[in-house]
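Chain lettering (A, B, C, D, E and F) follows the sequence in which the chains are written, and residue indices restart at 1 in each chain.
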């Protein structure tokens, strides 16, 4: 949750969107001098994520509002737990409630789902990773939530990772040519990952020095065999509608990583509410 | 999908986020002169939404890329249907693929879920509406998708609708005082909606001239009785974890609107892929 | 004057515009260590508005500059009154003088004119309201000044109020169809206002459920008759070159609101100066 | 009206402000395919200014809308004249009407007032100039309108002109020191203007090489005498509540320039309307 | 030179900076209808870079201006060569001249210096790479110029490459711990580069699986020995004031890459002028 | 180094560019609680410039980081001098190191070169001035560095100085017409500078009232003669590849100013490093 200049830009966009020209209901009904306190309460079990965002949302509305968090990002909370207390001028707290919850519920939803996925692969060496299937404008926070849930991040964007897919291969002529062209064009600090659909492609990619092999939509049997073929010569990533599979079974094939798009493309907001008396 | 100046701002944010300093894989492997065509194919049934966004994503990357849509936003598509064809310079198409799909899949997911909700209330006078529980920065598109799916929009932000909740009531002193204060402060063009939890509050709100009554988290029985009490004197909105209820049953209580936060806070991306040969 | 993040954006635009690459005169002639104090003095009677903006202008230039206000926004001041004292580093005070005054004089000019208009309708139930005829980029502040002067705001923009005008009626086919289409498309939280030019249109609008009737450019006699016809069935707004009329006479026709475009489209800056000794 | 990249930034701000999340009335009542044409008609005599802005407003809303202007910026129009025709998709024209008029009416108001001021000094060598008393964010257009009305622009901001005022003088120690310090600090391409209040200051400023003398709030007699003293050794500017004076009399004192803050700080919008049939 | 939305943002910043409120000299002296043509002429030998930027600079000022380039980016030009012709409205061409040249001269300067560096290592397997020592705001273009000159890019920013330096090592406890922590935190698509100062560190880094070894400020002898030790087990980068060394000698030590900060931190603009007749 | 709102905008651009989605190496290897201190050390003699920028870079990353400067901007430092100490959270210091150095080294490089140029003209009345040949986006800082080195600034942009060049003359018809047109169009606060290539043009410019004469690319002999001809009737600026000449010799011709594009278009970064132990 570093880099306040990034965070502020995202939050200001959200506040402008949600407040528009002003929160007319609150301005009309709540005295400017009135102070209050509210409590963020978990209405279901989950992994909390986004508390520093919530804190900053209120600060940007009114510097006098304070958030006292009873948990840290990444902590497990149970239904009924009081996650944090917000206190200060009532107008600002009521006005910021929805934006604060929109961030907190989405990020906690991602962290919770990630934690579940990670627990499925427990006991194996396999990690769970995300994808670029995030909501436009929120990738930085979405990926933070994945880390908070125990996942590891895949590349952030098209510039900080090389992933050669079928269309790149056909455009370049072959896996070998695609790897060669990429190696000569890209910085030496990036590994080269190649998406493959069959065993022949695995062999070709390995022989050309691919660092990572992505097994696309393979059956458990094929993944098991692929891992045997690769035999440690490259990192192995399993991909393709992993959200709907038994991750445990996939992990036991010996792959190093499972990427799960659903972690961020199909998020269920965690149920959290802001209550003004406990 | 009006207002290109708004759309471009959202898309540019998404492109900057996803492309970063450049799509190194594509630039290395695909010749600048190469042209290609790809097909957006539905991999499950649903309501398509976001085609003008997709078209503009590609235009902003490369003005030579063209999208030919075979459906309109709001059309139902079936698994296997080809939704649209994109053609032009291959570099730009490959680079824009993920951003285009991120928009299309999210918006179609919202439209599809909304269509399902609307179908549950078919045959009643009841409408399905959204909430402010949208993803920060995307509300304008999220709400467009709800309309595309047949829903109607609730207020866009805190400035274009008055909704007096429990905290406003306690701050103002009573329902009556909250309504009076709001009426004198706000523009005359806004109705006044009051959230109520029991029958006494309904009576008070009606006697003070509330235009809309929101029934918060009531049982089917209580909602039925509330509608009888209100008896046409105000619009009636049912609210509170509606995503998990039988909307049909709620609609038959006679309420005018059901607001469903889950339409936008817990979206399942519709499964759509971009294929480069059919 | 809530929402500092909105205020700062407006002020930064103004500072960039007025300071450009730097205040060369001040930088050359005034020692960086020199401190001074100045006094904002009213050079004519009026309603002061914009003091929090002035305070923030100086803070954004130099956090050490302090504004001590002797009046609040909305207070009446007389020629010769000292409105506020600014003190701190002299360079920043001299550099910010013009931007501070540009805001203060315009907003006070609007508040003063609004107060005059409101005093004309005193003793009636009629309110004075503004329009969208504001200066591009300053609507949020312009409308704040109207409220400060005792007026009430009309809709902020095209999204937070429905106003069916003649062209909408002819496009939709009839007043009835325009109302019906709007009611089904727009959120339930907005009232429907219809602009009418004659009594037949009033009847049609009322029979179709219009919430507000805007009488466009009617004579006093016609307005009186219109109010009788409407007879409390809708809110009545008088509109059309109201800045040039006797508002008192219009108010006595029984209309609920008079909208006055001139409050913001033809502003006379209130004469206020910054003096460096009293 | 050069520099489209500047113009677009200003217009986009205005459109975002006025349209918000969408023009709900128009979207509901006007068919997307409907086309229309409207006519900008002068409802009072004046100098038209802002037609290229109007044209671009509509283009940015919908590239299919076209403006056909029957006058050029700077032309005199009479009450009843049709200034321009706008034609194309009806939705966009209705949505852009207010923003287009807000620009056109303000800029024409400034140009008209400037033309009147200029006509008062006709027959003398004296020019009318503006000040920095413009509306925050619109200076570029406000100053364009002054030129269009026949005025000349004073400095655009604090960086492109040196104007030594009383506080600079007292901070520097004397007029002589203020001029010396400024001359050594500023670029050689800027003249040095000094504001004076009496004849002794004029002599001191001239002896130190001031290029321009600003006579602040002097009587006609004193201005006449000041011009005699200066006798061509510097440009002479008359300043100080000039909006309320007989400019003709001031011009005949022999000053070179009269600066009139009211040209831009107290604008009366020119009465222009958009009619949809003539 | 892909990604127009990125390019336009950079150019608009430059135009706003250089044009300010307007090019007063050109507007006063050049008729709006006048057309002209100018020629970009090399005044010294070099590698041209930035022609698409120049073309877009003029387009953004006036869409009617056209650039006809006689060379491509990366071509070698000789003193006296005509690089490109610009033609169209004279006002826009004169106004854009300086910004166009500022881009073209800097980028050509970088490309030229890079080409010289690359030629020094010709005949070896060694590549020349850049650093993050670029001018704030121009990295995207600066790195494009390095590629145009035949260099390869190092990481673009702190997010798309892992480089463990001495401070990271001491903070983590050891090279081994730094590598282990980084490997578990970062995406699997990034290699791990470690900066070393002596042979012991090389051994430690290799034994912990470093992918790239950066030899910091070593003598030719030490670099030679380091390459022998590494013996193909990692990519080897030579770094440290390489701009002042004989790159040829460094390349012959067998290192894979030489990073040269001076390519971008100490640029000599290539001498190019815009002439209006040949 | 005034105007924090300007400085912050430049720095935020630089931080976004250099940090991207996050400094993965530092985040992985350095504990969030760890504190450190580092020392900016001169590795060559020079004039230090940019310390307030460095201070603000770190503050924007983490408000807890403090910079203690041992020199002021404009001070001469020698190889080995410790310029400043930075202390606070280690993560932020390591992350900001490169951006801080990029600013400090460039600005110090400009100040150092300017100081050298100024020393060449010592003992004459001649000043050294810069040009608009700056790096896009950094002009405000580049020109600050020139002042810090003892130079004076030429115009900041096309709006705050009039410079009539050969193309303006030919477009206007003659030097006289160009001056006349400019004088009537531009604010009275700007002097008029004319670029000349021969003695006849000098006479014409003087007779038409040019305030400044720019001698373009003249020989020492011709400059000497030009100064004699002008004989104090205008300020004289020498221009044209002055970076490559003996400025001392040029200054002795009697010109008032020498403009040197190379001060900013061909900058050698001053060698400064951040060391974590002394």
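As a working rule, a contact is a pair of C-beta atoms (placed from the backbone, for glycine too) under 8 Å apart; a residue touches a chain by one contact, two chains touch by 3 or more.
Owing to the predicted nature of the structure, the values given are computational and were not obtained by experimental measurement.
K.L.:
Relative to chain E, which chain has the most distant C-alpha mean position?
P.N.:
Taking each chain's C-alpha mean as its centre, the farthest from chain E is C.
K.L.:
Determine whether chain A and chain B, two copies of the same sequence, contact each other through the same residue numbers or different ones, counting it as same when over half of the numbers at the interface appear on both sides.
P.N.:
At the contact between chain A and chain B, which are copies of one sequence, the residues are largely the same (over half shared).
K.L.:
Any idea how many Å lie between the Cα centroids of chain B and chain C?
P.N.:
The separation of the two C-alpha centroids amounts to 33 Å.
K.L.:
Measuring from the mean C-alpha position of chain A to the mean C-alpha position of chain C, what distance in angstrom results?
P.N.:
A distance of 44 Å separates the two centres.
K.L.:
List the centre-to-centre spacing of chain E and chain F in whole Å, with centres computed as mean CA coordinates.
P.N.:
22
K.L.:
Listing for chain E: what residues touch at least two other chains?
P.N.:
As it turns out, chain E has residues touching two or more other chains at 19-22, 27, 139-140, 156-157, 159-160, 162-163, 184-186, 190.
K.L.:
Where on chain B does chain C make contact in their complex?
P.N.:
129, 152-156, 159-163, 184-191, 193, 211-212, 235, 237, 256-257
K.L.:
For the complex, which residues does chain D have touching chain B?
P.N.:
Residue list for chain D touching chain B: 12, 15-16, 19-22, 27, 60-61, 63, 91-92, 95.
K.L.:
Residue numbers of chain D touching chain E in their complex, please.
P.N.:
2-6, 139-140, 143, 156-157, 160
K.L.:
What part of chain E is in contact with chain F in the complex they form?
P.N.:
The contact residues of chain E facing chain F are 10-11, 13-14, 17-31, 34, 36, 90, 94-95, 98-99, 101-103, 105-106, 109, 132-140, 156-160, 162-172, 177-178, 181-182, 184-186, 190, 261-262, 265-269, 276.
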